[in-house]
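Handing you a structure now.
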Amino acid sequence: MANFKGHALPGSFFLVFGLWWSVKYPLKYFNNRMKGKCRNNMAYRRLELIEGVMKVVFTFIGILAEQFVPDGPHMHLVQDHSWVKLMNWQHSTMYFFYGLSGIIDILTYFPLNVPQGLDRLSLALAVFIEGLLFYFHVQNRPPLDQHIHSLLLIAVFGGSISIMIEVFLKDHIVLEMFRSSLAILQGSWFWQIAFVLYPLGGAPEWDQTDHENIMFITMCFCWHYAVSLIIIAINYMLVYWCMRRNKDLAADVTIGIRKLNPNKREEAQAALLAASDEE
Amino acid sequence: MANFKGHALPGSFFLVFGLWWSVKYPLKYFNNRMKGKCRNNMAYRRLELIEGVMKVVFTFIGILAEQFVPDGPHMHLVQDHSWVKLMNWQHSTMYFFYGLSGIIDILTYFPLNVPQGLDRLSLALAVFIEGLLFYFHVQNRPPLDQHIHSLLLIAVFGGSISIMIEVFLKDHIVLEMFRSSLAILQGSWFWQIAFVLYPLGGAPEWDQTDHENIMFITMCFCWHYAVSLIIIAINYMLVYWCMRRNKDLAADVTIGIRKLNPNKREEAQAALLAASDEE
Amino acid sequence: MANFKGHALPGSFFLVFGLWWSVKYPLKYFNNRMKGKCRNNMAYRRLELIEGVMKVVFTFIGILAEQFVPDGPHMHLVQDHSWVKLMNWQHSTMYFFYGLSGIIDILTYFPLNVPQGLDRLSLALAVFIEGLLFYFHVQNRPPLDQHIHSLLLIAVFGGSISIMIEVFLKDHIVLEMFRSSLAILQGSWFWQIAFVLYPLGGAPEWDQTDHENIMFITMCFCWHYAVSLIIIAINYMLVYWCMRRNKDLAADVTIGIRKLNPNKREEAQAALLAASDEE
Amino acid sequence: MANFKGHALPGSFFLVFGLWWSVKYPLKYFNNRMKGKCRNNMAYRRLELIEGVMKVVFTFIGILAEQFVPDGPHMHLVQDHSWVKLMNWQHSTMYFFYGLSGIIDILTYFPLNVPQGLDRLSLALAVFIEGLLFYFHVQNRPPLDQHIHSLLLIAVFGGSISIMIEVFLKDHIVLEMFRSSLAILQGSWFWQIAFVLYPLGGAPEWDQTDHENIMFITMCFCWHYAVSLIIIAINYMLVYWCMRRNKDLAADVTIGIRKLNPNKREEAQAALLAASDEE
């Protein structure tokens, strides 16, 4: 769907996942640091099951939308010896791989002995396939159109590489936050593409060959990422303060502080050492 | 052999290896998890010897086929001051490096102290050399021909990098399954190239400059990979169920479940912890 | 600011940071080796707080300079339906990301449980954004201008990758010294760009299309790096000798030598082994 | 020196180092496996000192040759407002970085606390600088000349990446053998370039624009690498058999076999396990 909605729909999916991850991972991280690893594992595993189901549902909606919009291919691939609506078929393919990744997420939940890391590998592959299709997708288009999509590719391939590293480094909070930030970036950038290429309600068209516009769009991409990083930071802080207040109420304050503030412990140790030195 | 058979032959080799790996690695993985590491090592080492011998035999067949087909170079490199059938020589070179990798596999079996990882390094190099030759091979060809071969390069270089990582991370099931999936993809893609560039029995020729065809081929490549992933998944499941049934028959059920379902153990532990908390 | 000062200002910032790092990291390294890890941690943490504050101050100066120089955009982005001074806005964006990295450095100091490695990730992102903007920045310029900026990109992306690796390998002295050397290289190269593109006081202009000039500039870039490496080596040696003299004065000579010269210990062990063998 | 000797000289340097490494590293590897790590360390450290001195001597010869050949720049960089013999200056720069790497090797030997890995980082940088200069060096040349040099770049950048990994993985025999093979490849390829671009004694010139020649050269590069791998394998085997014979003479046969043949031990263990199972 080369129109506003066709970009807004996947953009919204990525935004939802990015924002959700930016809350989930800090939550998991603080939980692990406070209560040890094994306790809340089950809850998080269930969350990931739900995530998998959501992925499958979202991608199913996406595929249906691409196939059965009025000007869609309606599951026909060839007609009169020519291809039918290849663009929609390509988008369906992208959704399909995200769906596969969702299915692996679901299978990982059940005691089927799915190897650790396969869920992240399948996600990395889905992201890579998206990038691959986009890469060959935008050739023979006006410069601004090409440029705005190739900026998207930076977020896409960056995300794919980062998730690939997560196959080997599980539960690495920095990688998880990086992934969240790239998902939000992708989501908001899809919306930006929609606004630039298919201006809403009579807004003036962008000149697709103007070099100034291309320069602005590059910078605009960086601003999107800056906003994405700030959102990640705010969510992280919110989670931190919620967790802290909850813990304080739960009265096990002393133990908590010891675990929460390794810095203070170091300070104390340093002071102790200094004191013992002076003696 | 720039014809149907010249692509179908290597395609079949890759398919055979990819399918075989997609059974072997899950088998090895479950065996290790169930019975500990040392027990079945010898059997797997023997399998790898056989694999090495197969590689040498296959590549020998490949080289002979490239050299001694009726229009082959028959081991002549220069004739009347010009090169003879360089295409066939290049293919022979590709086979040769896979042969070298097979020889290293064989040497690894014998107690010669071949360093761990050398077998995978030599395989990675063989794959890389294949990619390198293909890369310079397809210049000056029609767009569709170039594009269909450059998609192959994604599978080739992806495989090479993945095997290179296996040099450092031995017996990593996710990497091994990834490698299997790329081998199947390569195999089936060689067949696809054969069908597109050398249509069998009077099928219509593809228009090699049509942009729509190029877009379809890109998507088709993704579908091949999707099928490859599904084959991998099915083989994995089959192995899992076979292993499980065998084990159940062998009556050591309780121990087995404990080892097979770490998830259930976690559940039990969580329940235990919850109970002890409530007290 | 596409003039001499606009390149000299960031160049000076990078030089200051590069030189400072080339002293700080050896200092930290020797301290850790001599006294164990925990002792001076607090001091180094405070240094990093100061570093973060410096980054924020420097980038604030940079942004103000870019915005409010006489021919700057004065915070206006759009005027009469066209973009205002996008070059200055791009430079402001680069400074902004370094500022973000500074803020993360400051937050890392306080007991807020900021995950380890986030400070380096944010620095790597700032460097990457700088490279991204430069990459699209220099299109449609004369060959020498393009070339001199694309050499800068080698230092920029090299630095970004190296810092990205530091996210996973903390306190790796070789990586830290590599980063310092690239920062010095970037700083001195900014000055070189300033001298080449905006010759001072009546110096003759460079012919921007001469192939010989491009060849010289490539080599000149290598010389800059050689000088950068030599500066790093000298600073390392100076730190080493200062630390050693201080330690000698502190009278714990015997313990020191044992810790400082693992080589001598190996020699002694080897001699011991040889002796026990001969018996 | 854009002539036969100017390529044969560095080619010989690389060949000497590659061949030497292909003997040194297996020797060190077997020694470590047989006698434990600490014993022969001193001997190997001394070898590396000698290697460093050799590097410095070789690069000094190289720089002198480039500068003071009859048509060299004789240390003049600018004359009559134009650059003097930039080609020779670029080659001198390449040698200089290898010299720097040699100096670090020498410093590493002495008890100066040079961080582990710095010697390999400096070597990786020297190789990278060589690649960088070559990359910009060959623009505006006939196709065959460009192609033959860009194949060299594969060996160069491959080597640089591999040595960069060695910074983190010390004494990894597979990486060391890979590096040796790339050094031999680079050496023999320099000789090949010399023979192709500057044919000796009246041999016919190569047609530098013929596509067939370019195809042959690509394949020829692979053959060089195959020969390089075979040389590595032979040297490895020779070292293995020499070490084995020496050890057998030294009468500690039983212990030796135990250490040398972990495979046999596994077989024995497997047999033992099987036996205990049957009871």
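Descriptive notes on the structure:
Here the chain labels run A, B, C and D in written order, and each chain numbers its own residues starting at 1.
By our rule, contacts are C-beta pairs under 8 Å (C-beta built on N, C-alpha and C of every residue); 3 or more make two chains touch, one makes a residue touch a chain.
Chain labels with UniProt names: A, B, C, D = Transmembrane protein 45B.
This one's a predicted model, so the numbers in the text were calculated from it and none came from an experiment.
Counting the residue numbers that touch the partner chain, subunit C (Transmembrane protein 45B) and subunit D (Transmembrane protein 45B) have less than half of them in common. Taking each chain's centre as the mean of its CA atoms, A is the chain most distant from subunit D (Transmembrane protein 45B).
In the CA-based superposition of subunit A (Transmembrane protein 45B) onto subunit B (Transmembrane protein 45B), the rotation angle is 90 degrees, rounded to steps of 5. Centre-to-centre separation of subunit A (Transmembrane protein 45B) and subunit C (Transmembrane protein 45B), using mean CA positions: 30 Å.
Between the Cα centres of subunit B (Transmembrane protein 45B) and subunit C (Transmembrane protein 45B) there is a gap of 43 Å. Residues of subunit A (Transmembrane protein 45B) in contact with at least two other chains: none. Taken as a contact graph, the chains are arranged in a single closed ring, with each chain touching exactly two others.
Under the touch rule stated earlier, the contacting chain pairs are A-B, A-C, B-D, C-D.
Those residues of subunit B (Transmembrane protein 45B) that touch subunit A (Transmembrane protein 45B) in the complex are listed here as 29-30, 33, 147, 154, 169, 173-174, 177-178, 211-216, 218-219, 222-223, 225-226, 229, 237, 240, 260-261, 263-264, 266-267, 269-270, 273. The residues of subunit C (Transmembrane protein 45B) lying in touch with subunit A (Transmembrane protein 45B) in their complex are 38-39, 41-42, 45, 82-83, 86, 89-90, 93, 96-97, 100, 110-113, 115-118, 121-122, 125, 129, 132-133, 136-137, 140, 167-168.
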